[in-house]
Amino acid sequence: MSSNRAPIVTERLVRRFGKIEAVSGVDLQIEAGDVFGFLGPNGAGKSTTVRMLTTLLRPTAGRAFVAGHDVVAEADAVRRSIGVALQDAAIDPLMTGRELVKLQATLHGISRAAGVRRGEELLETVGLTAAADRRVATYSGGMRRRLDLALALIHEPQVLFLDEPTTGLDPSSRVTIWDEVRKLNTEFGTTVFLTTQYMEEADQLARRISIIDAGKIVAEGTPMELKERVGDPTLTITLQHPDDAIDVERILMSFGEPASGSDGVVAVRLAGGSSRMPAVVRALDDADVEVHALELHMPTLDDVFLLATGKRLEGAEVPSSAEEVVT
Amino acid sequence: MSTAAQYLALSRRSVLGTIRTPIAVIPSLTFPLLFLALNSAALNRSIQLPGFPEVDSFLQFMFATTVIQGALFGAVTAGSSMATDIEGGFFERMIAAPASRSSILVGRVAGVAVFAFGQAWLFFAVATVFGLDVEGGLVGMLGLSLVASVVAAAIGALSVAFGLKTGSSEAVQGAFPMAFAIMFLSSAFFPRALMSGWFLDVAEANPFSYLIEDVRYQVIAGFSWSRLVTALAIAGALFAAGLVLSGLALRGRLKETS
Amino acid sequence: MSAAAVTWGIAERSVKLIPRVPSTFIPSLVMPVFLTIAFSGPFASLVDLPGFPADHILDWVVPFTALQGCAFAGITTGMGLARDLENGFYDRILMSPAPRSALLWGAFVATILRAGIALALMLLVGVVSGAHFRDGIVGIAALTIAGLGLAFAAGAWAIGLALRFKTQQIAPLMQTGVFLSTFLSTAQMPVELMTGWLDDVASVNPVTYVLALARQGFLGDVTWAVTQDGLLALGGMIVVLVAFAYRGMQKVIP
């Protein structure tokens, strides 16, 4: 099956805990080199899915392949290919960062010398060299997540699982982790499976997103596709000469229903999605309209979630004000 | 609410709390009986040793110890549940309530005393099935169970003091082996007449030795008023010390919270 | 090889953690010392009973409390494992490709190392208290085999429980197992001097034979007959309990 070559594939994956069905028939296919965002509210089934994919939990039904290996039948091969940073960064608070790195290298069969070298490199990368001999109990939340990331990378895994890597972190620590993930993905081509409750995080990092709610996938696609599904993006044009507004409105008729605001601002919901942008620009150019600013307001992922489930995601950003401009 | 009614309500809460969490009373009920069973079987021959008091069996010799040991076990739960209450905020609510403050203490301690009394009779029933004969009869048994109540109240008050002082149920549980150790370093498990050397000195300095010997007398010899009064006096002195210490600890707590 | 490296890595961590979680390990050292006093002090005159095999109570008690100390030190590995399983750290270990049996053997090696500390302390207690090492180094060797072997079995019991229940609240069950199996033996009396039900229980309890292995060098000369029974009892206990731990490891991913 060619689909098995994708680093992560699940087929109608199910996990029950007694009567609770935490994951109900999830199908996923993640391509090599992707950053995949698994977005969903608390209790949606994200961690349960990750635990099945990382061989910690046996699926009740369905199948899953990671790096081409069955997570149940070939658990060992899967373990060799993955790096995992679990939710809550379960790190023994009594150990030091350096001890943990060393243990992790040993567990992955890396020789002592190579383990030390690689460990020092990673500690340096995540900025923990100075704190490496302190017990983890004294680390801040952000330091723990960074150490967790370093531990997950010790054996240069093909596939990296990050379960809510920034939940509970302050904004600047969050951005540090994001940068690290981006770098890994672009420099080493590591495939990343990232779960998050934050729309913004999925939007920032993920090339493809699946939204899970109550164990079921309710929407999937690129962030752009998902947002377009909710509704058309709004293009706001600020004109150099407010007098042009009437003409511009006429030109924009063929793209949607334009509306003028004050001071030469014209907004339109682009009926054909953001791909119509160039055509709009060309049409304005042909009519010799001088444009001061052009802004495309996309609906947020929060809107996507709202559309798919009928409820808002906790902790989501305030919805965009684009609509208000139109009406 | 009258003070007496408050005391009653709080002791009721304490007793019911103990009974409703059976997990907490299982060690108190089983360990002393287990030790009794084990020692009766292992050490029964030792009663033939010259100098061993006249007894039917090692079971009869040790029964009083088992009852007191059960009281110790039960009493420590008072302190640790007091500490759990402090951790869980019950204490603050109680302070806010217009209840008399000493009733917090007395309620807790009375609960343990009642429990120890009942437990003594339960042990009596079990041991009787295995051939125990209490020479002092039901009056002797009543005396033994009364002393057990006072000992429980005393250790309860001490562990409440410790619980109030530390506010940690773990610390109280951790201190429990101390009570156990004090009992081992006495004549609770073997007659003083057969001890020698430094251990005899320790056992003779340990008031627990006399307390146990006096209640044991009710079981192995017959009812004796004077010995019962001595045992009650020792237990009562311990209780008074416990009350003073826990009163001080309670005052310290109240100062912290108000 | 990497399996050996994993085993050593796990064992090394466990030993390093001893001083960092003193609340688990210290009681396992204090208890046997205390029990030595509690079982020798009051009962010193038991040696006067006709047929009692020891001339001095400490020769009878020290090997017993030494074994108990080893067993209690051994189950602290299980407590540590329960802690790792409870707080999720063990997930990290399980997600690695390290062979599961290497992980288990790491815990077993740690058990024996921890028991070694308790044994050393109890030997010191034996010397200080004046117990008689009648068969010298051979007797000490017999005690060492008995102590570390029993710790291995007790550790496997605790590890098996930890893997099944994944919570530190299971610690009392670990301890109860050690308490019952050691006390329902010839802990206080030889079988011939027991009465009632206990002699039946003690004669089928393998710990009785391990205890005989440990005691022989304190009571007289080490003999092959006693040693053989002790080794068989140890072997049986270890095989069964190690299997119990292995089954637990298989169940850990439900």
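Every chain is named by a letter (A, B and C) in the order it is written, and numbering of its residues begins at 1.
Please note the rule applied: a contact is a pair of C-beta atoms (placed from the backbone, for glycine too) under 8 Å apart; a residue touches a chain by one contact, two chains touch by 3 or more.
Owing to the predicted nature of the structure, the values given are computational and were not obtained by experimental measurement.
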- Message: Quick check of your reading of the touch definition: is the inter-chain graph here a line, ring, star, complete or other?
- Response: line
- Note on the structure: Using only protein Cα atoms, the chain sitting most centrally is C
- What's the chain with its C-alpha centre farthest out from chain B? A
- Whole-Å distance, chain A centre to chain C centre, using C-alpha means? 51
- Mind checking the centre-to-centre distance between chain A and chain B? Centres are C-alpha means, answer in whole Å. 61
- When the centre of a chain is set as the mean of its C-alpha atoms, what distance in Å lies between chain B and chain C? 32
- Flag every residue of chain B that touches chain C in the complex, lowest number first. 38-46, 48-51, 177, 181, 184-185, 187, 189-190, 194-197, 199, 202-203
- Message: For the complex, give me every residue of chain C touching chain A.
- Response: 2, 5-6, 8-10, 13, 16-17, 20-21, 84, 87-89, 91-98, 253-254
- Query: Once bound in the complex, which stretches of chain C touch chain B?
  - Reply: 27, 34, 37-38, 41-46, 48-49, 183-184, 187-189, 193-199
- Task: Would you pull the chain A residues touching chain C in the complex into a rising list?
- Result: 54-58, 76, 79-80, 82, 84, 86, 88, 90-92, 94-95, 99, 102-104, 106-109, 112, 135, 151
